Every structure is written in C-alpha cells, then in structure tokens.
Amino acid sequence: MPLTPEQQAEIEEQRAHPQPTLRAVAPGMEKHLYTAHQVLDHGLVRVIDYMGDDNAITQAARVSYGRGTKSVSNDEGLIRYLMRHWHSTPFEMCEVKFHVKLPVFVARQWIRHRTANVNEYSARYSILDREFYIPAPEQLAAQSTVNNQGRGAVLEGAEAARVLDLLREDAMRSYDNYEQMLSQDGQQGLARELARMNLPANIYTQWYWKVDLHNLFHFLRLRADAHAQFEIRAFAEVMCAITRDWVPYAYAAFEDYRLGGTQLSGKGVAILKRRLAGETVTAENSGLSKGEWREFAAIWGEN
Amino acid sequence: MPLTPEQQAEIEEQRAHPQPTLRAVAPGMEKHLYTAHQVLDHGLVRVIDYMGDDNAITQAARVSYGRGTKSVSNDEGLIRYLMRHWHSTPFEMCEVKFHVKLPVFVARQWIRHRTANVNEYSARYSILDREFYIPAPEQLAAQSTVNNQGRGAVLEGAEAARVLDLLREDAMRSYDNYEQMLSQDGQQGLARELARMNLPANIYTQWYWKVDLHNLFHFLRLRADAHAQFEIRAFAEVMCAITRDWVPYAYAAFEDYRLGGTQLSGKGVAILKRRLAGETVTAENSGLSKGEWREFAAIWGEN
Amino acid sequence: MPLTPEQQAEIEEQRAHPQPTLRAVAPGMEKHLYTAHQVLDHGLVRVIDYMGDDNAITQAARVSYGRGTKSVSNDEGLIRYLMRHWHSTPFEMCEVKFHVKLPVFVARQWIRHRTANVNEYSARYSILDREFYIPAPEQLAAQSTVNNQGRGAVLEGAEAARVLDLLREDAMRSYDNYEQMLSQDGQQGLARELARMNLPANIYTQWYWKVDLHNLFHFLRLRADAHAQFEIRAFAEVMCAITRDWVPYAYAAFEDYRLGGTQLSGKGVAILKRRLAGETVTAENSGLSKGEWREFAAIWGEN
Amino acid sequence: MPLTPEQQAEIEEQRAHPQPTLRAVAPGMEKHLYTAHQVLDHGLVRVIDYMGDDNAITQAARVSYGRGTKSVSNDEGLIRYLMRHWHSTPFEMCEVKFHVKLPVFVARQWIRHRTANVNEYSARYSILDREFYIPAPEQLAAQSTVNNQGRGAVLEGAEAARVLDLLREDAMRSYDNYEQMLSQDGQQGLARELARMNLPANIYTQWYWKVDLHNLFHFLRLRADAHAQFEIRAFAEVMCAITRDWVPYAYAAFEDYRLGGTQLSGKGVAILKRRLAGETVTAENSGLSKGEWREFAAIWGEN
C-alpha cells in the first residue's frame, strides 16, 4: 500500500529544512531520516531521530580506557576489538528512534525485547485502521515437519487459495463488526477499549521504538537470523541496511562477529581439535546429543 | 470455566508435599501457593513461588542504613518510613512468580511493564485453546463521553445482545478457521506461526510472570487504579489481595501512601494553603487549567 | 581548576563547525554543547549529544493516543497532562549524553541509578590524575544531630582547619605512594589495577553518562532535592539548568509536579480535609507517627 | 579474618530452624544458606535466599513452548537446548540473593552489572569498620607488559615489601584520620557523609545482591574469566561453586556452552574450514589483524 498523499507531504516537508547543529552528524543516516521503507504489504520503517556515529563509540571507549586505547590507532580496529571482547557499553552511546508500522503478532514478538522505549498507538484512545497483513503466496507455508516453530513447504493450489480467502474474509468481517459495535449511529456505541478485542492479530498497529545500538544489535542478531519468523525478519533486514549506513564500522564488526560467526561449546572445540589433528569424528564418537550433532554438522560437515 | 480435573489434580499434588527449608517462609503466602484464583470468565492467577517476607525488607534496609536504622525500632515503622521516602531498593529484595491466564488484549497492556521476567505460551510452537473472553453484561459499556480512554453507561437491550452475539460468533468462526487452516487432514496444514494471525485479541494466552515487590507495587498502583481498564484491574485486584497476605506491613504502607494517597503539584499545594488560610479558591483564580481543576476538585471539592 | 589550554582548544574546535541535519534541533541545547560547566572544585558537566526536544515528546504521545490527543490542543498543555498522569513513555523519547567529572564517592551514589548508559575512565587501564575534592569551608559541616544521614552546623576554627589539613595531606600522600608503587624506575612497578586501591574516595574520576529524559527527571528529583548530599546536588542543579534550556515545557511541568509538589498519604488527605472543614488536627489526634507528623507539619503547619 | 562470635551465633540460629514450605526446594542450596564462604582476606559470600531449581527452568520453558517441548523428553536435555539457543527467559525464572562483603574497588566493577537489585551499607548513615584488603604476596604483581589491563610477574623482595608497607600504612593512617574527623570528643565531629571521602578503595563494604540466574550466568562468564581482575574472580569462583550445587543441570550447560566454549567470527569459521580442508593458514594469509590472530592462535594453534 502506498503512503497517503498527506503522509508523503509530511515527509517531504520534514526533509526540506535542514538546520545547523553542533552535534555529531552521520551522513549515511541523514539520507534515511523520515523516509518510509515499506515492509510486508502495509508495514513501514522510518528513522525519526538518531544520536551518534562510529566515532561516538570510540570516543566513549577512549574515555573508559584512556591511554590504554592509544595502542589501537584507528577507529575501525578499536571498534572490532570492542565487539570481539563483548565490551558493550561504548555501543550503548549511540541511540536511534524508529517509527514502525507492523502487524500485531509481530509486535508481540518484538516487545519481548525490554531494553527499549516504546510508544504504541493505543486502541483504547483511538480507532485502528482497516489494514491487515495477508501473506504473499510464496510465504504461505506449511508447518515444518522437523522444527516445532518453523515453516516447511509452500502451500499450493486449492489449499493456498482457501487460506488466503479465510484470512481475508475473517479480517474484513471482524473489522466490519468492530465498526458496527463502535458506531454511535442509532445506538450508544461500544467503548473502544472493548471493541478492539474483536480484531485479529494480523491487524496493523504502529509505534515509536527507541533503542541504543548495543541492544539494537542484540535484536538484529536474533531477528535477522534465518530461524526468526519471516515477518519479523523482514523488518530486521530493513533495519540492518539502515544501520549499515549509519555506523559502517560497527555494523561490519557486528556482521563478522555476530551475524556471520558461531558459538562453539567446550565439546565443539574439542571435536574440531580432534579433526584438525586428523581424527575422524562422527555422531557416535562425538559425545554430542543427536540434536546438537545435527546443528554442529550443519556448519562443520559430517566428519 | 472450572479447571480441568487434570489441573486440579496437579495442584493438589503440589500442595500435598511440604518440604523443610531454611529460607524465610511467609505463612500467608504458603496458603496461596499453586491455588488458582479465577479472574474474568476463563482467566486465573496462581502463585508459583515467592522469595522473602516483610522481614526481608527491613533486613536489607538495615544492611544499607546500618546503625542508622536502629532509631526506628520496629519493622512496621521502618517499612512505612521506607515507602514514604521512596526508598525502593529494600522492596526489591522480595520476589514473586505468578502463573497468569489472560486475554491477549490484557497481556498487551501488561507487558508494557518491562522490569519483570516473562515466559509466555508460544503460538509458534503450540496450538492455542478455544477460550475467549466475553464480557459479562454489566461490563458491556459505551464509550465514555468525557474520557477518551474510558467507559460510560452500560449498554442495554438489543444493542448489548447484538454486541455479545458478534463477539461470540466472530470468536468461534475465527477459531474454526484457525483449526481448519492448521488441519493436516487431506491437506498440508498451515504453519502455526501463520495460522495464529487469524485469532482475535480476546483469545486467552498464559504466562509465568516474575517480578520484585517494588515493581509489583508500581504495576498494582497503575493497574488497580480506578482509571485502569476493568479487565486488567480484575487481575490487579486479585494480586493485591494475595500481596496483602504475603507482606502485610508493606502492603498496608503501599495502600496508605500509594493507592490511598495523592500527588499534589506546587500549584496544588499553594491552593490548599490559601484555602486553609480561609481564602475561597475557584477555578478562575486557581491558576490551574480546566482539566487540572476538574481533577483537583474531584478530591478537594469546588472551593 | 581551569580547563587546560588543550581542553579549551578542543571545545572551541568542536563548537566551530556546525553541520546541517534534518533531525529535531533544540536551540537552547545547542548553546550548551561541549561547553564545560564547572562543578565543585575540579568537577565538570558537559553536554556531548542530545536527541529530541519538547516537540518529540508530544509527537510520541500523539502516536500513542492518536485522535485522543487532539483535544489537548497545544504542546504545553499536553506535556503537563502527561507529567500529571505519570505517562512516562513519551518523555523516554528524548535522550541526552553528558560528560561528567566527579569525585568517586559521588560517582558511587550516582551509579545506583541503573537505567542509564555509562562509560567510566578505567583505572585498570590508565593512571588517574592528581585531583581531589576538598570541600569549601562553608561545606565543612558537622554530623546532623537529628538526621542520621545529614549535615548540621558548619565546622569552625581549629577543627575546620584540622579537617582540611587531614584531607589534603592524606590525599597528597596516598597519591605520592600511588605514583611510587606504579613507578618502573629501578623497580618492576605495581599493576595499575592494584595500585589504584590506595586512592581515597575524594579523587576525581570521569564518565560519559547517557540517559533518557524520564530517567533524568527521576535522577534530578532525588538528587536536586534538599535531602540529597550537597556534593551530588551541585551536579544535579547544573543539570537542571541545562535541562530547562533543552526542553522548557517539560522542565516547567517537572518543576511544578515533581520538584515543587508533594505526595500525600491517605491519612494526610484525611487530615487536610478535616482542617479544611474547620477542625483542629494536632499530632495527637492525627493518627500519624511522630516522624510522619514532623514531615507533614513542615509543609502544612502545626495545626 | 574469622567471623565474630555474634555473627557465628546468628548463622547457627538461622540454620537451626527449618520450616515447612510448599515451594520448590533445592537441597544442594539449602546446605549453603547463611553459611559464610570466606573470600580474600576479610571478604565473604553468603546465600540469604533463593527461588527455584533446575525444574523451575524447564517448567517455565514448557509454559512457553507447550507441546513443542515434549520432544525433548528430559530436563537435562531441555536445559542444554535452551542454553545452546540463547533462550534466556526460562533461566530468569530462578533468583538468588547473596550477602557479600567486598573491597570498594571490587564493588565498583561489580555494580556495572545493572540488572540486579542491591542494598549497600551506607557510609552516610553509618561508620565503616577498620577492614582493608591487603593482597597476599603471590597476588602482588607488576603491570603486564603486553596487556594494558593485566598483571605480569609477581613482585619480589624489597619492592614487594615496600608496596605492602605502603598499602598497610596508608590504610591505617586514613582510617585513624577518619575516626579523628568523626570524633565528637571535644569537637563537633565531621558529618559521616564527608568523612568517608578520606577512605581508600581497599576498604571493605558490604551489600545484599539479588539477581536472576540468567544475569548471574552473564556476570560469572565475565568475572570468572581468566581476564577478569583476580580480586573479583575470587568472588565469582565461589559463586560458581554455589551455583553448581543449586542448579546442577543449568550450571553444567553454562560450563560447556559459555565458560568452556568460544565465539568464532565469520572469518574464524572460514579459516578453520580451510584448515580442515588441509590448507595451511598463517597470520599472513588469514585475513585477521595481528591482535585477532594472536587470540585465534591461542586456541587453535599457529597453523
């Protein structure tokens, strides 16, 4: 769904008037400000404000470590060092505020990340719009047969059509009835805080979400992961691209050490050392459980 | 809705085997352990575990204030002193874990309290039960005409009947369709993480919720308040009663200083002083805005 | 102590190059950026960065309350409403980052406010400077005889001189010995992480401290209060003045509802109502404890 | 330093009276309750209270994952699965409260872990005891020549003796002067909140520290690590032993996946895969920086 002309006009107005500031400015982030990145069918992510840049991270680290940081001479190296050694506080010195429009079932996963600030549209005060997430056909997947919380093959033919019809019809009917219960035309009209209970979890809500860079990375590591539900991952991936433009060194370190890295258990280290020494380690002699071996072998191969 | 025989049996089993412990024991809380307090039509609150009692609060305060606390000779007086002066850390030394079954729209308000630990039933992994909150007739209220987020008069006659019918029918239909989409009978069956999006916000979910006493009081102050939505207040009131049994001194102090107290602005203090000095202060000469005067007068009268 | 020429030059350099930004700009805060406000004898507070302004608060509130906020037509009224009703999340949408130089015993109080981000100078990595807080003569006070944690009369004559001598001599001697233990001149030199244990709590440390406006107000309410220790209050008062320039509406509301207001217990409300009805309420018939009556009477008079 | 007879008597009294409870009881933890574990020269760790056991973790997980967790049939396997996949909330369902006596410079590191509840002895209210940490001779180490924040060789002979003399003399003198400033014998006596500033960072303080198991593990991973300063590691190691007795399955999983494991970057994974394929990877062709290679080679060898 395209933005309304009013929304588009508001964004253009906001983008038209740069003002001078003495604060740190991240050029890569300025270009994102207020611009709506569309996500899913009616969702969006917009950067409303930000604080700091790559340099704000090293500046804070140099307060902490004083002369000790002189030995790492450049910002990029220092940022990689901080990320590698889990020094989280310098990354907390950057902050970002997003405007996000998202389905309620995605919002319910998202809000579990507690170290952030949120102002959500309140359906006690106001009436929600008739906007529902309906999956694209290629996202309409069967329950995974191997993963209790995952998706398997894409649904096909009549079943897919039936599901889409059901989702659309139930959304429209529940919204019609929501409006009818609220209506004050010839009746009192049900309180908004009650009427909203009739709306399904694919209705869109929106919020302002503000978070520091350390906690944003934590969110992105979990939600841009291949095991995250597709619908929240769609948001996380847009936010990854924005973050790369905002703090390129920090994002590159995050990509190498977190997104692209892996955690080995003590047992896993021992197995790799045996293999490096020429030994053949199999599921049987690995000492790992079946599930653990499957995950290990997915990265390191069967032997 | 009554508990199932299985649930009832599990509770009785848990309650049948006291074990010795050296920890502080709160007799008033032991009697609540595992017992299901019913809330709304299908909801419940159960105490799963707790840490500490009134004495744990003063014990921690005496670590902090050392000899300085000797002057307040008894526990009750010290607890009132701590509450009055916003010394929050001693109250954080008590902890409680609840099992709560609640409608999703209540859960969405509740989760905004971030300083707690939560494990919620996951509809990605598992299938939700066919249980929906349908308001009792006396709770079916119109939108308030004075308060954007409140309820007004109770709906009557045909309108009330119509609303209840709509809520019930939409709940049943959406659940039927949820089941149909999930079904693997002659079809692949939609992934659970997708099918759940069809369920309305009055479906019941459940979680374990663990919180310290300071943050529990903060939650109760906001959610047992007359302005809180009835449905969350119903839970808060049950939890108030439990907390009173658990830490009677702390609860009494909370009741006096928080639930039963009020916050005055600098302007409000000045008005009361003028009145105590015999002056007649009205909306016009109060210096308060209209809304502020209305709230002030609700407690202190019109002049 | 004046800033060094190097520090002064760095500040001037930072202040000389405004850059264009599309973000919200708070003119009252721009003028504070990087400028060192001196506090106590060697301490300082500098604004390093900020996010948002008064408008960012109402913008977030309007996302939350949607059409419901239209009735409060102006920003100032809405901000007062939010503050009065403890709606904290819109205030969390503003963020500020300070550079603070402060004595260690003040830092130890300050750090108890957990909802902030901190990067402190590390004496494991680096060597602390020879800078100690020595109270001004008018701050050299005796232990209060009525308040376990307060100050009484100012010390005079020989006693005051003796205290200042002791503080200065012990500071200098401990620092001399710190340097001697660290020295690698003709010896190995003790590890910095060990040598620092010899330094007293009036040595200065420094940190970057980043916090949202809601939590800043909470900090300021407790630390700009007359009961706070003078040394931390000195910092809080400078930060109050800065915050007033940053978000004038929010600060004015904070001043009226928090700093200038008071909390009444249920018992306190009842007493005031009796007085307003013409009754004479004394300590004896108030139902309050002695301590509580003393605090009540300090605001409302003896009868 | 041994406990005083009064402290010993209080502990014995507390341990003498088990009471019945319906809550989960962890036998391995009951034996630790109240018992003082000595740490360093005058420090201690005591368990004051706890909530939950291994079973509380899986119980919470089963609420979350419902039928989905049935496939992992036993508690130990489920706990390992949760730890491996960074499912932190079930571990938050256990809580522990410690009484800790520790030097101030250790307390300053410790308090940086913000997700815990703390009540510290207040030197504004009360007078600190004459107890200082003086390192054992084998802990008196030189500054590391390779690590900005570490220790090198143990000091020897005259230098070691000189350091110990300085630490002891400065501690005693500063405490003498602290007492003299406080004294009301023939003078007013300086306020406690001021006099404390003369005390060095090796004086002992004490606090109650309460934390959930997830955050405790995070603390232990950082502070029981070989790179942590010895003095805080001494506390962490005692707490590791206590935690092993409290929640043996969870602790074993923590030991394998966190303490004994390692994090590989994307580059690190690629290097190991090249080696497994028979290639010789050296510092030069690794693509790692010098510092990163040194850390990598410390685990995986030079080629």
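Quick notes on this structure:
In order of appearance the chains are A, B, C and D, and numbering begins at 1 in each one.
Note that in this section contacts are C-beta pairs under 8 Å (C-beta built on N, C-alpha and C of every residue); 3 or more make two chains touch, one makes a residue touch a chain.
Only a predicted model underlies this, so the values are computations on that prediction, with no experimental measurement involved.
Homomeric contact chain A/chain B: same residue numbering on both sides for over half of the interface positions. Chain pairs C-D and B-C differ in how many C-beta pairs they share in contact, with the greater number at C-D.
Rounded to a whole number, the gap between the C-alpha centres of chain B and chain C is 33 angstrom. Spacing of chain C relative to chain D, judged by their CA centroids, is 29 angstrom.
Shared contact sites, meaning residues of chain C that touch two or more other chains, fall at 65, 68, 89, 112, 118, 122, 125, 148-149.
Per the touch definition, chain C reaches chain B in the complex via residues 65, 68, 71-72, 77, 80-81, 84, 86, 89, 112, 148-149, 222, 255-257, 259-269, 272-273, 275-276, 289, 291-292, 295, 299-301. Those residues of chain B that touch chain A in the shared complex are 103-105, 108, 111-112, 114-115, 118, 122, 124-125, 133, 135, 139-144, 148-153, 155-156, 159, 162-163, 166-167, 170, 173-174, 177, 180-182, 184, 187-194, 196-202, 229. For chain A in complex with chain C, the touching residues are 14-15, 17-25, 30, 33-34, 49-52, 56, 59-61, 63-69, 89-90, 92-93, 95, 97, 99, 117-122, 125-127, 206-208, 210, 212.
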